[in-house]
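Look at the two complexes coming up: subunit A is in both, with subunit B in one and subunit C in the other.
Entry: the complex of A and B
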């Protein structure tokens, strides 16, 4: 029956998966750039961020075309609405990955990052982003809910890193203090990426159930 | 408050059952849309609400249709029923007479003869149907000289002229252009303050736009009935979802 419509929805689904994969790559590059002081990966993060921006515009246009051509209802409408919301969060994830990569370039050679829980934080929010995209791909309510629950862990890690950095600042010299502040910003960006992954997971749940943040929309 | 209450309605055309064990209520001052594929019984249901099916000799009905708690298939006078429950059809069907006489036809049938009274009724009905400004200077002209959209509003005015309580509308905009459709939809939204409106439509966007409640029919039964917001955003039954998203129909 609705071949063209299903094809267009299929294209939307594929493009979202591709944009999600770009976000995962951008974060992975940013994390490795930070942990390994790698300029090539910093540059790769920036490239991915630009690809993510293009993907956002492409998907937004596709959604508008679908709304005009098909006047969607019910789960089709939820899929398109959720897509329009998810790409905003994905675009912000790309920006924040690029910010992390940029700030990491100011603290080359610094060892202070290994004195705080930054690796755990990076691992935690990377997993949240991957899982939120996977939840969308596999239409998995439980996985989306798990991402939302994991945001508490990301928030707790941010608080822990902040405390660790304050301790370091209290017994530190000038250059180390600057590194600490840079790291605090990086930790905040990671924490925000966790929030965006949570938003994506909430839109996945809306797409699957019609409930957004436990309310009927 | 329920204006019409249907209880266990079964309707047969000969041996063919068009409606099966239907029970549902229509709320006063609301627009209820009936949707579903062709042949699912929604127009049959509409016609059973003012006994238009009486004109079909093979039609047999069991169950009750209560209008303000009175069974319309009991002792109620059919002419009085049709005065209380008016109908507008898919294609505009003005009588081949003047605009004025089209509107005055019903009131005259019910015994109103005084010209001043009829003038008042005609103006009010045409105003309510948002066509007074376009017709006030040509009331003696043939109704057939009007455009399709104007003719449909004229038919609506004709239905309103006898002061009904319920308006039944069978795909009233399917033969109209988008602007005329919009005018009718705006009109219905305004008219529901004073009338109970039940509309059959094949246009899902129209049902979503104008109805307070929507009922989905399939073959000979009602599958789902709920607020339009719920039906079009989160239908409970997969068959409803599949129909409104165009997976069949």
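Entry: the complex of A and C
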């Protein structure tokens, strides 16, 4: 009985890693679609988003089954609770990656994106997502904390892009202005993805220590 | 343990109390009853004497006193007198055992129990001289009712024993268990404890020694195994049927870019979660071996996953990971080289066959034929040079030159200068060789080629009116050949690539400046054959090539001046 239970917990861990990997791929595709104007990658992002949704449903069911059948306690319960929370954030990351890919299709051929710190933003946020999942995989408290700290950089980058876009808007008109607004949306989506990565890191810390946002829950 | 001790002591004490009270009661009762009997017998004696003197009135007087019940029975069984009841109402007593026996044998006694009243009555009967029977009886409580009176006392004692046993059991358990719990299991033999436990302790000790020996052996094996596998360049993983890592080496962690330092017992996907990797491991668990080249952390890794099957079930999977980045790059270079060679060989051939076709078809004007012939000759010379260079390079590649001799580098330079003087004059370039004689243990053909190619390039890529300076100098470490020109220079970014085969900096210009594109490749490989290093410095005033031959290759004997 206990062995089966352990196996199921192992499966849960594995599924979460795979879902995390899907998120990483989705973001990578969205970023490439945006920076390289690649239509194939745009549809790839959509596909990944659907896979992420499926994975979320699967994991949710697995968690509920575990909760009902095994009535877990202590760290097992924390693992399952954290998993239930993390998949929500991962699913949002998938959605936002798909949104970025979609908006990027409205601004094909536009060069405005190279005038602002969009590449840095994309790189920073992708790294945050990868690191948060790495922290989960390796059960690494320090790495999870690093992701949470890194969110400030993402926020700062967003403000920077916003200022740069305001400058551009004041100097330009017409189609360019539209591109600027699209870019602002994309930057916001990246910033949100950074927040979700932070959430994942916080749930990793909860899973490891039982503390959520420095409070014992 | 506590319960058992409690039960044991409680039962023991309870049993002792019960047995004691039963036996003591029985003994006390026995004594009491015996004295009752004695009293009845002696009283019978008095009453007999009294009766024989004064008759029934004595009996009445005696019967009025408390004590024994007195009955006088006639020989026919009729009751003549009874101190407790009216004799008229009493039935014939001849059927009473004591009466009939007394009539027969003179005396008898009997004890009768009354269950309902919980009493027992002692009857003593004697036959008198007038053949009547005098019977005395006394009723006492039976032993059961006697015992009943004690039952509350006994219960109280048993309750007290119960409490005492519980207390004693808990104390005793603690006292016994404490030294066992504080036992040093690592060194059981050293413990000062009950003698009864010595066999257990010695068994523990033996077992511990056995365990320690097994553990050491296992650890040794593991260390040995990881010492061997960690030096492997390739990564390998052994997975169990659930996809968990049973064994791994450091290279596997490095190649898979694992976030975990010790993945033993973890899922293989904690090492790497790339979709391709996950897919291929998953399909390997269906029983089919998988092979794929996956890009991980900017390196190309060939991942080979082989399932271990037994009876159709996958017992585990062995994963071997090889870094094939360099192999892929070499493969790419080889393909490029092949493409270049065919292109370079085809270009002159196309020209030759073109001119030849025109002449053969008879469409060429006779006055053009010498010019065509010149072109055919030039192109075939180019082809010839190219093939010669290629052959030379492949000889260098295969270490085809074995015999080494003493060669004077300065003399080689002088010699090459003579060959190129005419060409240099044609290009309006001044050619100068300076320096000192320097003997090298080397291959003269190869050295000749090195110097020729360097000087040829220096002239070829020079400006009209420029100059080429060749210097041979001896240094502490060996000797150095430097070829400096005042030519067009080489862009810094291209300095590494010029030694590649067929690499030309400006492809558009390569048609104007003849050359096979193999010269510097020959220089590089020739220098390698001599253990020499090639360096290039370049700016817009010209390029300088330095070939430094190490001491090993420089002749030890000083050159006679």
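The rule is simple: the second predicted complex is superposed on the first by the 216 of 217 C-alpha atoms of A that agree within 3 Å, B and C clash if a C-alpha of one lies under 4 Å from a C-alpha of the other, contacts with A are read in each partner's own complex, and residues count from 1 in each chain.
Just so we're on the same page, a residue touches a chain if its C-beta (ideal position, glycine included) is under 8 Å from a C-beta of that chain, and two chains touch if they have at least 3 such contacts.
Note that the structure is a prediction, hence the values are computed from the model and not measured.
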Three-chain arrangement built on subunit A, subunit B and subunit C clash or fit: clash
Subunit B versus subunit C as contact partner of A:2, first or second or both or neither: first
Which of subunit B and subunit C A:114 touches, first, second, both or neither: neither
Partner chain in contact with A:76 - subunit B first, subunit C second, else both or neither: first
Touching partner for A:210 - first (subunit B), second (subunit C), both, neither: first
First (subunit B), second (subunit C), both or neither touched by A:20: second
Which superposed partner A:173 touches (first subunit B, second subunit C, both, neither): neither
Among 8-16, 44-52 or 80-88 on subunit B, the segment whose C-alpha atoms clash with subunit C after superposition: 8-16
Subunit C residues within the subunit A interface of the complex: 242-244, 259-261, 267, 269-270, 273-275, 278
Residues of subunit A that touch subunit B when the two form their complex: 1-2, 5, 70-78, 210, 216-217
Residues of subunit B defined as touching subunit A within the complex: 204-205, 208, 232-235, 241, 244-249
Subunit C-facing residues of subunit A, complex: 7, 10, 13-14, 17-18, 20-22, 24-25, 133-134, 137-138, 140, 143
